Amino acid sequence: MSVRPGTVVSTWTMDCFAGRVRSTSDLVSEVCDPRFLNPQTGPFYVEGAEPGDTLAVHFRSITPREAQGVSTTVPLFGSLTATHFTAMLHEPLPERTWVYAIDTAAGVVRYDALDSPYQVDLPLDPMHGTVGVAPALGEVRSSLTPGDWGGNMDTPEMRAGTTCYLGVNVEGAMFSLGDGHARQGEGETCGVAVECAMDTVLVLDLIKGAPPTPWPRLEDDVFIMTTGSARPLEDAFRIAHSELVRWVCELTGLSSMDAYQLVSQTALTPVANVVDTSYTVVAKMAKTYLKGATVMSGMHGRLREP
Amino acid sequence: MSVRPGTVVSTWTMDCFAGRVRSTSDLVSEVCDPRFLNPQTGPFYVEGAEPGDTLAVHFRSITPREAQGVSTTVPLFGSLTATHFTAMLHEPLPERTWVYAIDTAAGVVRYDALDSPYQVDLPLDPMHGTVGVAPALGEVRSSLTPGDWGGNMDTPEMRAGTTCYLGVNVEGAMFSLGDGHARQGEGETCGVAVECAMDTVLVLDLIKGAPPTPWPRLEDDVFIMTTGSARPLEDAFRIAHSELVRWVCELTGLSSMDAYQLVSQTALTPVANVVDTSYTVVAKMAKTYLKGATVMSGMHGRLREP
Amino acid sequence: MSVRPGTVVSTWTMDCFAGRVRSTSDLVSEVCDPRFLNPQTGPFYVEGAEPGDTLAVHFRSITPREAQGVSTTVPLFGSLTATHFTAMLHEPLPERTWVYAIDTAAGVVRYDALDSPYQVDLPLDPMHGTVGVAPALGEVRSSLTPGDWGGNMDTPEMRAGTTCYLGVNVEGAMFSLGDGHARQGEGETCGVAVECAMDTVLVLDLIKGAPPTPWPRLEDDVFIMTTGSARPLEDAFRIAHSELVRWVCELTGLSSMDAYQLVSQTALTPVANVVDTSYTVVAKMAKTYLKGATVMSGMHGRLREP
Amino acid sequence: MSVRPGTVVSTWTMDCFAGRVRSTSDLVSEVCDPRFLNPQTGPFYVEGAEPGDTLAVHFRSITPREAQGVSTTVPLFGSLTATHFTAMLHEPLPERTWVYAIDTAAGVVRYDALDSPYQVDLPLDPMHGTVGVAPALGEVRSSLTPGDWGGNMDTPEMRAGTTCYLGVNVEGAMFSLGDGHARQGEGETCGVAVECAMDTVLVLDLIKGAPPTPWPRLEDDVFIMTTGSARPLEDAFRIAHSELVRWVCELTGLSSMDAYQLVSQTALTPVANVVDTSYTVVAKMAKTYLKGATVMSGMHGRLREP
């Protein structure tokens, strides 16, 4: 599908299991085909997008399509288990499925324990785990992987009200999204959030003639944010923080060492995921410290709802 | 100095440079002796403390002693530079010193760039970078290192209003603290916060006969928090999150897999430091999700100011 | 090109710079296009190869095509420098090119220093850095990356006399190779070996109906070898060693704990590369400890030259 | 005990379990006190040793004192298991003990499987896992930890015929050694080698007025070797290789970039341990490439037996 810059797109996404996990008795290893995990909506061909441009994606709304979401454990996947990469001699942890009732009106999702009657309501906070463009160098990457093209970053910051900036690698950018989460903890510890299909309204726009965007950046009304996706986790941190230093230099005219200092005293650093093939860290700085600098040509202010 | 459990202690700490860095022309490598970096106040011998007990340290107030703080870069130290461990062939980054005016009444510290006239006020948010007890196994560790005994964790969560829980390894616990920061970003990117001497009021108390505290834990009015200190950074994450899973099990009676799931959807995970000899990650869960469970015998509620 | 199992293939490969670096004044960043680095020969479609099979690749001979090879530094690439992933604020290290005279008859390559008259002959030990099949899950990966499909593992063990076993992911396996090295140190420290075009004779064969080969394995007359490619480097170690434990179990009938013990006392563990997008570690065990077990249906013995 | 430089010392060391593990039914967690694991022989006060000097330790002979050695698994310790740092939700792997018959005359140790009748002889190759001096900065470190003072490096290179060079941090150096291994694989995968008490003859000597030795170095008749101990494992690699580059510069007069290149093509990089609190990597270069440079004032040649 081809879209013009500035277009408002109303779309929807399947959940990461393509809808195959419906009840606590559905186990991922039994009902899902690993080749078709995390289906994406797209790609959208953005007219006029060329390598070196920056694609802006502003999320107007992200709304669960159904009254339930699911989370699971998956054998040899997650941050507190041996995995195919952190290879060990342990048996996999038990495979389980949790079902969350989603009450969109009340703004809550209900956690329901499997082994005891414990129930507790958690705030609904819908987001997309996977948001990206086509990678560089002709690669085709699994939607389970995050990188400099975006992809499966799994940060709760990717919520309605946020604008995501992605560097364009190929003509048309080839934007796609998916992996809706009704909510997610920072780190996505067990590897799976509260997964659900989403109705999403977003605006796609294009920034041309500006410095390139080497790693995905985000902006909301309060913060600018950078991301880094790599292993080990300190490299994800290093990418996010060096990108924040670089961006602050561009926005304020500060020298590199002065920006390093300012970032050191002001950055917030929420971990995004420690489970995917690369781990993701977000670095955030309040825009008040930028003293009125114009971020990305003022794109966020134009795309956000009035 | 020997203190009885329940005692309110009014003390003070030197800054991490022992007061030797006073102006932008003072460079750490010229004015400091590496053997005497990060001096601590203590140790305090806590009467009755025995291995297996948990020491509770509640911070009533942490107040800068002077009207200025300093930050610096230090050759081969920090997260965006080659170091003695992440050894590379680069020359060290430039060594610089920044001086911050601290206005305690207004609650701000003033960032003042070195290479351009940029100035901006940041919120004052005083904390202690180094809080700990004597390590186990007869080790004597540098105050530059964090670990399961606490030490140089460098988390901004260690502020007034927070209670820190430390497992006791030796008779008397041998508590010490230092490394006051007027404020600090998450990650302490360049390796040095806004360093200053502090006047600190704290209460020390003892929890006996409860499950041990293998890694430092924190509690404030809203959150329980765990910490992990290790390299690579994902191991610090794994420690903090597995400790949070374990603690939630203790507090709620949830099974391990159910607690893993609840933590996965609710944890906040701010990075503490990615610069010290071990890196530190904090995992936080709102106490509302614990449904009224009593944390550490209600210690935080008793020690906080009425 | 389509080949039948058992076929002897005589082929050649370009060097990793596609021949564009010829003298000490040719710098990679000036003469090479990053999209066309590390060109491969292939893919070869192996008749009858299906997912789950194992492809055997025996190297009969690997011979430099020319009388010189080159090595270089590349900005922000290598193990003792900041990189795009281990992101730092340093300027890149200097970009340099070294030219090695190759004397195939004498079996030496000549190191010639750039900044002083130091010269020394090193043993010629030709190998292929990149050997692989098509990845699983429909991915298309850069030839700069190693993984469970093989690829840019950069181990000096991939020399004439060695058989490489690769798990087949797609019909026909789609085998390719390239990145010839006249020799290479373990770790490929600066990121670039003594690069040269190669004339290579190899035999391709197929193992069906045996346990799958989840990560590339190698065999020569003395050793069985496993590989792991991941970051951080300990995960590459964990993969290689857990694969060796698993393989020893298959070959000897030892229990998992007994094989873990035997591997612990007998494995050699040469690092392959600490520079590529994933790092590679090799684990080796002498076949004498296997007490005559038949490895991969005796494939190596059949494919090696009599 | 005080020794003069040049003294030949005949001593002995206990095994790492202080002799408490004697049969396959002795489990470490039942028979050992963690506070007394890995007892060392020493410290030896070396007369005249001052900070900045280098201590040379040449091993004349290392001989098992008894006809058996033991190896074990230890709960939450080892490279293919969750640990206290790589914290996970798995149950610990089974705890087991293997007993090896040592035949010093035949030069073999006999591996005897626990769960099947598999037996195989392995070459005897005695070494010391722990060799070190007192750390800097007033620290007291557990003998389970390696670092720039040496300590529990667990490299098979520490065998008879090797000279180990250690930078002196305190007056008298305070040398100690222990943790004898009848043999060990590279990586010490399960965390425990073939442990035994040793009779050891060594020579201690002192190098004054030379460049300092920031990390332990080794030399045998063929190779110079550097070590790095850190986490993640790539940092241990980076330390070892940057130390090798630095040492080659000192020995040959090559520029830093030229030495980086020579190391890249010639280094061997056997992993030492991936189990201790820091991991250790060794980098080796054949002395023939040094073109006759004199290493450490010719110390190795003087200390080795004629």
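Which chain is which? They are A, B, C and D, in the order written, and residues in each are numbered from 1.
Keep this in mind: contacts are C-beta pairs under 8 Å (C-beta built on N, C-alpha and C of every residue); 3 or more make two chains touch, one makes a residue touch a chain.
Just so we're clear, the structure is a prediction, and the values are computed from it rather than from any experiment.
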{"item": "Same-site or different-site touching of chain A by its copy chain D, using the half cut", "value": "same"}
{"item": "B-D or B-C - the one linked by more C-beta pairs in contact", "value": "B-D"}
{"item": "Chain A and chain B: spacing of chain centres that average the CA atoms, whole Å", "value": "30"}
{"item": "Geometric centre distance via CA averages, chain C-chain B, whole Å", "value": "45"}
{"item": "Between chain D and chain B, distance of the C-alpha-averaged centres to the nearest whole Å", "value": "34"}
{"item": "Chain B, residues touching no fewer than two other chains", "value": "80, 86-89, 93, 231-232, 238, 241-242, 245, 257, 260"}
{"item": "Pairwise touch network: line, ring, star, complete, or other", "value": "complete"}
{"item": "Chain C - residues contacting chain D, complex", "value": "71, 73, 79-80, 93-94, 96, 98, 109, 111, 113-116, 118, 120, 122, 183-194, 231-234, 237-238, 241-242, 245, 252-255, 257-258, 260-271, 274, 279, 281, 283, 289, 291"}
{"item": "Complex interface listing, chain B residues touching chain C", "value": "80-82, 86-91, 93, 232"}
{"item": "Residues of chain B touching chain D in the complex", "value": "34-35, 84-89, 137-142, 228, 230-232, 235, 238-239, 241-243, 245, 256-257, 260"}
